[in-house]
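Chain nomenclature is as follows: A, B, C, D and E, assigned in order of appearance, with residue numbering initiated at 1 for each chain independently.
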Amino acid sequence: STAQADDPIRIGFIDPLSGPFANVGDAGLKHFRFAADRINEEGGINGRQVEIVPMDNNQSASESAQLVQRAADRGIDFVAQGNGSDVAGAIIETVNRNNRRNPDNKLLYLNYAAVDPSLTNERCSYWHFRFDADTTIKLEALSNYMMERDDIEKVYLINQDYSHGHEIERRFQDLAAEKMPNVEIVGTQLHPIGQVRDFSPYVSRIRQSGADSVVTGNWGNDLSLLAREAEDAGLDVNFYTYYAGGLGVPAAIGRAGVDRVAQITEWHANVNVDEGHDEYREWVDAFKERYPDIDWYFHRVYNLMYMLKAAVEEAGSTDAEGVAAALSGMEFESHTGTITMRADDHQMLQPMYISIMDDEVEYDSENSGVGFRTLSRIEVEDATSATTCEMDRP
Amino acid sequence: MLVTNELHAYYGKSHVLRGVSMEVRAGEIVSLVGRNGVGRSTLCKSVMGLVPPVGDVHFDGRRVTGQAPHRIAHLGIGYVPEDRAIFPGLSVAENLELGVKRRGNGGRWGYRDVFNRFPRLEERRDTPAEALSGGEQQMLTMARTLMGNPRCIMVDEPTEGLAPRVVAELADLLKEIAADGIAVLLVEQKLSIAKQISHRMYVMGDGRIVFDGTPSQLEDSPDVRKEWLEV
Amino acid sequence: MSQETALALKGLTKNFGRAEIIRGVDLDIKANERHVIIGPNGAGKSTLFNLISGRLEATSGTIQLFGREIDGLPPHRVNRMGLSRSFQVTNLFQNMTVMQNLRCALLWSKGHKYAFWKLVNSQQEVTERAEELMERLNLTAKQHVPASLLTYAEQRALEIGATIASGAKVLLLDEPTAGMSRTEADDMVELIREITTDCTLVMVEHDLGVVFNLADRISVLVYGEVIASDTPEAVRANAAVQEAYLGTEVH
Amino acid sequence: MNTTQVQTGAAAGGVGRSIWVRRLWPWLVAVVIAMLLPLLVTSNHGLTMISHMGVMIIFALSYNMLLGNTGLLSFGHAVYFGLGGYMAMHMLRYIEATGFGMPLELLPVVGALGGLLFGLIFGAVSTRRAGVVFAMISLGIGEMVTASSLMFTGFFGGEAGLFGNREAPVSLFGIDYGPGRNVYYLVAVWALIAAVIMFLLRQTPLGWMANAVRDNPERAQFVGYSPQMVRFFQFVLAATFAGLAGGLFIVVDEIITDETVGMIQSGLVLLSAYIGGIGFFLGPVVGAVLVVFLESELSSITDAWLLYFGLLFVAVVMFAPQGLFGVAYQQVMSWRAGEWVRSFHARLYATSAMLVFVLALIAVIEKAYHVLRHWNPQEPMPLFFVTIDATSMVPWLVSFAVMAGALAVFFLHARPLLRRALDSGEGA
Amino acid sequence: MLETITFSLLNGLLYGMLLFMLSSGLTLIFGMMGVLNFAHASFYMLGAYFAYTMGLYTGFWVALFLAPIAVGLIGAAVERFGLRQVHQYGHVPELLFTFGLAYVVEELVRLFWGNTPMNYRVPEALDFPLFSLFGTNYPAFRVFVLVVAVSMFVGLYLLLKRTRAGLIIQASLSRPDMVSALGHNVPQVFMWVFAFGTGLAALGGVVGGIQLVTEPGMAFMMGPIVFVVVVVGGLGSIQGALIASILIGVLQTFALSVDWSLANLGMVFGYAVPPESFFATIWYMDSTRIAPMLPYLLLVLMLIFRPRGLMGKRES
């Protein structure tokens, strides 16, 4: 759009900043602000400062759609969002619509955490870029790990009863049939999202199934309560999760998770120790100093911000079309290795880590006394998936 | 025992009591008569503190104007309202229970005495009060107030809806109460009964007392009756 | 006086739990007669009214209105068949004005039912009839006063008005003069007499003045049973009635 | 409702004209405002907001048919709004897929039919009784529909909801409904039509009896009406209008998610209606406008917006139980009665004292948020055109002192003064 | 099978007891005073937060007593300065008042304690498995929950039987003027009952905050279910609330513990809905997925067929 050269580059941050999910959005916002401040200290992008504009969507899809509109009205060029694939879907639709109806006021949508595969498959959009690994990729990585392990024989799937959970359940079953002859799925379970107070019936069922491992996409309380219940009942299984590493879960699980709860992520703080990324350690420590309650958790926000910087510099302006063209297919040297924004569907391809809770690591998570220890690093080739995206390109 | 002096009361902008001065002595039945809507019930309510009064109410020599109703009740004034203010949802026994004050004074009236007086109530002990017949509700309100053993009792149209036979019994009851040394203020529509049992009578008109005297004096003042009691 | 039976009760009983309140009432009330029911407190008079008007369901027995069975019907159905009642405790639409109360009482009988395609205010027939009623009740001056602000006597009058508005052929009035002074009661009796010239009246009353003034026939209900049903003179002379109801103090 | 006015108006045609003008002017004003608004509000976001206001107005008015007119407190009115919206969305998608010839202008009618359908179903089981029983049944139905929205993903589209494109259907008048402004006009026209109908419905026999049933269901039975049927009809009508609002909503947003049938939406409409004033036809209109405005604007101004939201509602409920419109109405009445002349200064005085208190309170809240929530409390904080350091004592002391002072002035001086000013009028 | 049944019963009972702790206060406030208190769960949340924070200084056992008292006093203040004023306007304003209050409380909790869950844990003294059944441990804390719930029930029961508070409140709902004319201080009774109710909610929070999670969203999540318990149990009846809590607890746990759908029933009669048809979703819906809906289904059915609830004496 027609911004002055010295105006700040603004990123509308659309996530819940009040209400029940505020802690999630709030943590994301802090990541973005921190990264923006770093970039600004380093001289900004093309000499322009970066400003994060918080926009509270109350975790509501339709409210988010309105906020996208408002962002366009205010001349904001980029919107970032992460929580809820439903919200992400709505934002994609609205951004598409906006870019169609207002050709001279286009927007880009930078998705840092919504992992529904359909967002880069049947619903993929040229204006949407996903910096997190989607569900399929994470499961692909996980199955590659499980294939190698001979102590994993009986897997139980417990997931929240909504698309994310459904996706994991379906996808994991396919993968098991496809390439994990050693793994038997002894039970699947969907439970209502965010409503279960008492997980003891589920834990009894897991026990009765004789499972040795549980795969779950649960997040928030649904994960903490599940893990704590398992500990209380003395259930001895490993949990393979998506979201055990942040947003209150480590505190809520605590020592109940040690050597029991594993996660699959694109990074965790002790990777820096293992792989000796001293520069990045400084970054993580500085973040902790500024926000003592939480930790640097979204490595992808780092990727996102610096890739955006590179793209804007390459395009020479913040014009959506130019930046999109630069981002599409961009390769980027991140701390964990070379990562690629796949041009076909705008899905990030990056190495993944499987790590397990441990109370004797250097970095603990959110002052809980427990952190994560890497079990395995999955290289990019093993952490990828095919796409069916047929993108409309301008 | 109960004295009001220049008592005024308002409902919003309408000035209902315009300076009522009257007195009820212990052991005396005083009836208050007058046309409908003249403000007799309002007088009872302002003594009780249910309608904010302006002026003086003295009980037992203490000024009680402006005190909260429950305090006035604890001092020993009992009030039997006119509109059968039973508590729906509670049984007859529970209604009576609420009449008992924690710091009761003496205890001439307990469950036994009340049930002896009103055998119908005993039969219907556990019936929800709103299911009672009109007359039974009237009895219940009366009985409930007696359970608190007041030293002064204001009875607002107690005979409404009662069968003639029960009316006669009620008259006896009031006489008996007065004989125990309790001050009785009787607000009554039916002149015949009022005249039969009261020691003194007040006629109320235009928001103030317009006549004060014995029943026979009222009998002898046709002009008062004509002006203030008949239409 | 026609000899057609307006209301016929046969073997009517009503129990509340184990308490038998109405114990087999048989009563025929002729069309266009003024029938008064008296009896001691708690005898079951209001209960009887509740049974007839459909507010309560009878335990056994039948009720016929002009030969049609009405027991077991809900109140609004009974009302639509031409029977209307007033309450012992005033029971009006307190927030509505006099005019509105009367109009509401008229809507069904004028055939408007649950209509939501016509405006009340443009129904001339309803308006006219309501004005006529107000005139009769002497409430015209207060037509825009909400019912809750009327004096007691006016409320009772309005209660009667709302009861007769629908043009019911049988009226049940429960203690219409309760709480009124002598003169007001007399006015009320006149009003009732006027409006019941061409319909059947069944009334409960404790005020013997009113009873003997108005009644064509009197039934005495004691403990859920009719112990006498006769002309006023005969009832007054009946020893059992004196014993059970009038007590020593006969007026 | 002034009965004589109408009657003479209808009877005497000639004199009637001025009365009609008098009765019609609020509607004319509404039309004019509705038509002029887009001149003031030009951003896309603003247009969406005022369109939402229009939708919410219909929704809140339909809610008031239940609460205000019939005395039915519902915790699940959004069910009909949402299901109506879903029906309309399915129709929109059907049009998109097949090119079916239904014009966009009539799409809300599909929503209304959806509301009607579900109103019939759920109304049949819930209107037997009023009061708490009804309220709790509506809560239960609301929760059940919310829970099913995640189970029946075919209909509800899962948590991602359903999308549609409003440009797909034809237009009756050849209007291009891409731009938000044109959609706004569509909403405005529908809102006016719906408001007029709902206004007239209050004057029908059913509307009257709804009031009667609210006040005294027993008596209503004895004038020949079945309270259950009256409630049922009102319920179904209200659901129909809620469905209409839902249908319009999807035209504005082109997306519908399960939150439209949810508890929050149900709560919001209750708040809107009540805050505006359920005793007045225009009350819910005012409430709807305010709630939509606050919801969409306050959150972009302050972090503490939910707190303000809560405090505002508490304050309205405590101090203006007749609703904001009710307060305004009272003021107009007392202006007409000439009370303002006598008490103008006292009013001004009391209002300013209160205003000062509120401003000081806002200062305290903002500072608290700054100190407790900002990553760097030391950072200078802009507050009412000045910049302060929220961690130093001075600004805190100042605001607390101002707060206490304003309260003291209000209770000890201004309020008694105002009372006296008003009372002196009564005596006269 | 036996194992499933035993566990479902045990778990259901415990979950029911948690529900009861939450709803017993509401039985007083909503069931008896008729106040539709939507902020009830907010007081529950305050109880958890207060106990956590106090516990840091005083230890769990002192906090167990202090937190409910502190919250009860807050409740008293809310009644005295807020609800009392609103009470005269009727039920809807009361409801909205508490609605707004719930927002305010939640925001204040977020302001002071932050958005993340508290690290509020089982006290050491109770942190051991009490017994083991079919290989599953039973933590002592669960039994403690049971004990607290039962003592709450007994305490409440005695309060209502031994004092006239219950009668006074019920009578005041229809004729407050007459109750005061009989010598009862109605406003004060209301205030203390409300305070007591909120204190009970807080006690529920002290315990529930450990068993579940102490975070700012906890009130919002527990909101509607407590109304279900109170209404199903019958307004104003604590026995009813207890039975309803256990019923809902067991019902929900059973639905979660067995795989069951209408299709199973159909199979018994040799009938099946074709998987493609319109009703197939319902037909093949797992009982585990329907479980969260069950309390509300129970609520609606109960109100339709027995509006006064399980043990209620009067119809609302």
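The definition used in the following text is that contacts are C-beta pairs under 8 Å (C-beta built on N, C-alpha and C of every residue); 3 or more make two chains touch, one makes a residue touch a chain.
Bear in mind the structure is a predicted one, so any value in this text is a computation, not a measurement.
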Neighbouring chains shared between chain A and chain B, ordered by label: E
Maximum centroid distance from chain D, chain identifier (CA atoms): B
CA centroid of chain B to CA centroid of chain E, Å: 46
Computed distance of Cα centres, chain E from chain C, in Å: 48
Distance between the centres, which are taken as Cα means, of chain E and chain D, whole angstrom: 31
Interface hub residues of chain C, defined as touching at least two other chains: none
Shared-contact residues (touching 2 or more other chains) in chain A: 18-19, 161, 192
Multi-chain contact sites of chain E, meaning residues that touch two or more partners: 107, 289, 292
Chain-to-chain touches, reported pairwise for every pair that qualifies: A-D, A-E, B-C, B-E, C-D, D-E
Contacting residues of chain C [partner chain B, same complex]: 16, 19, 38-47, 88-89, 151-153, 175, 178-184, 206, 208, 244-251
Chain C-touching residues of chain B, taken from the complex the two chains share: 35-37, 82-84, 120, 124, 127, 131-136, 138-139, 157, 160-169, 189, 191, 230-231
Chain B-touching residues of chain E, taken from the complex the two chains share: 164, 167-168, 170-171, 173-175, 177-186, 313-314
Chain A partner contacts - residues on chain E that touch it in the complex: 3-4, 7-8, 11, 14-15, 18, 107, 110, 114-119, 121, 129, 132, 135-137, 139, 142, 212-213, 215-217, 220-222, 253, 256-257, 286, 288-289, 291-292
Residues of chain A that touch chain E when the two form their complex: 18-23, 26, 161, 189-192, 194-198, 200-205, 207-208, 221, 224-225, 232-235, 247-248, 251-252, 254, 293-294, 366, 368
